[in-house]
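Order of writing sets the labels: A, B, C and D. Residues in every chain begin at 1.
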Amino acid sequence: MKALYFAWVRERIGKAEEEITPPQGVKTVADLIGWLSGQGEGYALAFENNKTIRAALDRAHVKHDAAIENAREIAFFPPMTGG
Amino acid sequence: MKALYFAWVRERIGKAEEEITPPQGVKTVADLIGWLSGQGEGYALAFENNKTIRAALDRAHVKHDAAIENAREIAFFPPMTGG
Amino acid sequence: MAETLATRTVVRVQAETFDTAAETLALTEGRTDLGAVVTFTGLCRDEGGVLASLEIEHYPGMAEEEIGRVVEEAKQRWPLAGVTVVHRFGLIKPGEPIVLVVTASLHRTEAFEAASFLMDFLKTKAPFWKKQHLSEASSGGWVGAKQADDAAAERWKA
Amino acid sequence: MAETLATRTVVRVQAETFDTAAETLALTEGRTDLGAVVTFTGLCRDEGGVLASLEIEHYPGMAEEEIGRVVEEAKQRWPLAGVTVVHRFGLIKPGEPIVLVVTASLHRTEAFEAASFLMDFLKTKAPFWKKQHLSEASSGGWVGAKQADDAAAERWKA
């Protein structure tokens, strides 16, 4: 699936997007955050306060307990500051 | 003093303004409404539901119990419908 | 801080129409400290097609003064960087603007609240009266004051 | 009645600035049934002179969709004749506009409330992030989300 990162999540990870292939056991957004946190220093830093990280599956906001299922796109970002 | 009439108060009285010289006993706005009501059919009609009539003394809203004192201008009109 | 902002203030009562963009620019031009601008435009409705025109009578002199008093109260209540109120009188056709309120401030809440407050008090305090002229032979008549408008003004007294 | 009004709806996310007057005209042109138009413009503040520019990052695709969802909810809640939301991204200088909300309706209350609601939810739901670039050597940084904005959005849930 495609992973997108925005704002300081993007800056810490060092890329705006990538294709990821999480292992079988990764079922929820929280599982995916846990797995990504182990992918390197930048990831660990990006997700260190994972409660503050927001997620969207296929361009709709979801909570961390949401099932990923067949989503084609997941995005991680800080709380929004538009408007 | 100068009396001004607006909207249907003006239409019923048949004039937009006039100089009036109320007798000594007329102290308040309510007194003046009472006196004006006796000045002819149009006046009686204009003030028949006197609770709905608003008044201004020298261009500031006042209640019917306000003292007229040395006001130079008094205005009578229905509830406002601007905006 | 409200104290350090110069509050640009414009109050006008006029027969001619107004240009919302120009009025807004007059409040905001040359400023880089503003965060929010709210405009309210009140329009003449055709009332389902039966209205030919609206005739707005006003009390010259008092109209400007009373709007000025309402604007001063808004400035006391909210830290505003700018306020404009323009109210028309005379004959107005459906679709034409009647009244304009513009508020400018640092943050959105005060601009929204002040604009809403100004409209509620213009409705109940500013000496204007609307008479409807209908498309059909019947003459229409004076628009009655709405209890809903009094209630809207009351809510700011809490 | 809300059902019989065609609600003109415009949602755009763009780098270039916008023209509030033209956007408003697009909602109101040719209509004589409207009584109220509210516009909200959010501007880039200079933050006491220290801000050189604001850089707004967004999530292309989701930004438009999420704004669309917020607009749909506003249309469910209030009988609106028209709604426009334009949100910019990219580099924005102090004094420039960032976001525009226009609401048109028969009566003023719904136009005010819907515009305020839209802004509260754009702040907390639309995927945009602001980074400050300061005039001095220091780089500035990402703007933090405000608890006040969450609280403002919460008040519509009563």
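Convention: a residue touches a chain if its C-beta (ideal position, glycine included) is under 8 Å from a C-beta of that chain, and two chains touch if they have at least 3 such contacts.
Given the structure is predicted, the values throughout are model-derived calculations rather than measurements.
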Co-neighbours of chain C and chain A - touch as defined: D
CA centroid of chain C to CA centroid of chain D, Å: 22
Between chain C and chain B, distance of the C-alpha-averaged centres to the nearest whole Å: 26
Length of the line joining the C-alpha centres of chain B and chain D, rounded to whole Å: 48
Multi-chain contact residues (two or more partners), chain B: none
Residues within chain C bordering two or more other chains: 42, 119
Touching pairs among all chains present in the structure: A-D, B-C, C-D
Chain B partner contacts - residues on chain C that touch it in the complex: 42, 56-59, 61-62, 65-66, 87, 98-99, 119, 122-131, 142-146, 149
Residues of chain C that touch chain D when the two form their complex: 20-21, 24, 28, 31-46, 48, 94-95, 106, 108-109, 111-112, 115-116, 119, 152
List of chain B residues in touch with chain C within their complex: 4, 6-8, 10, 56, 59-61, 75, 77-83
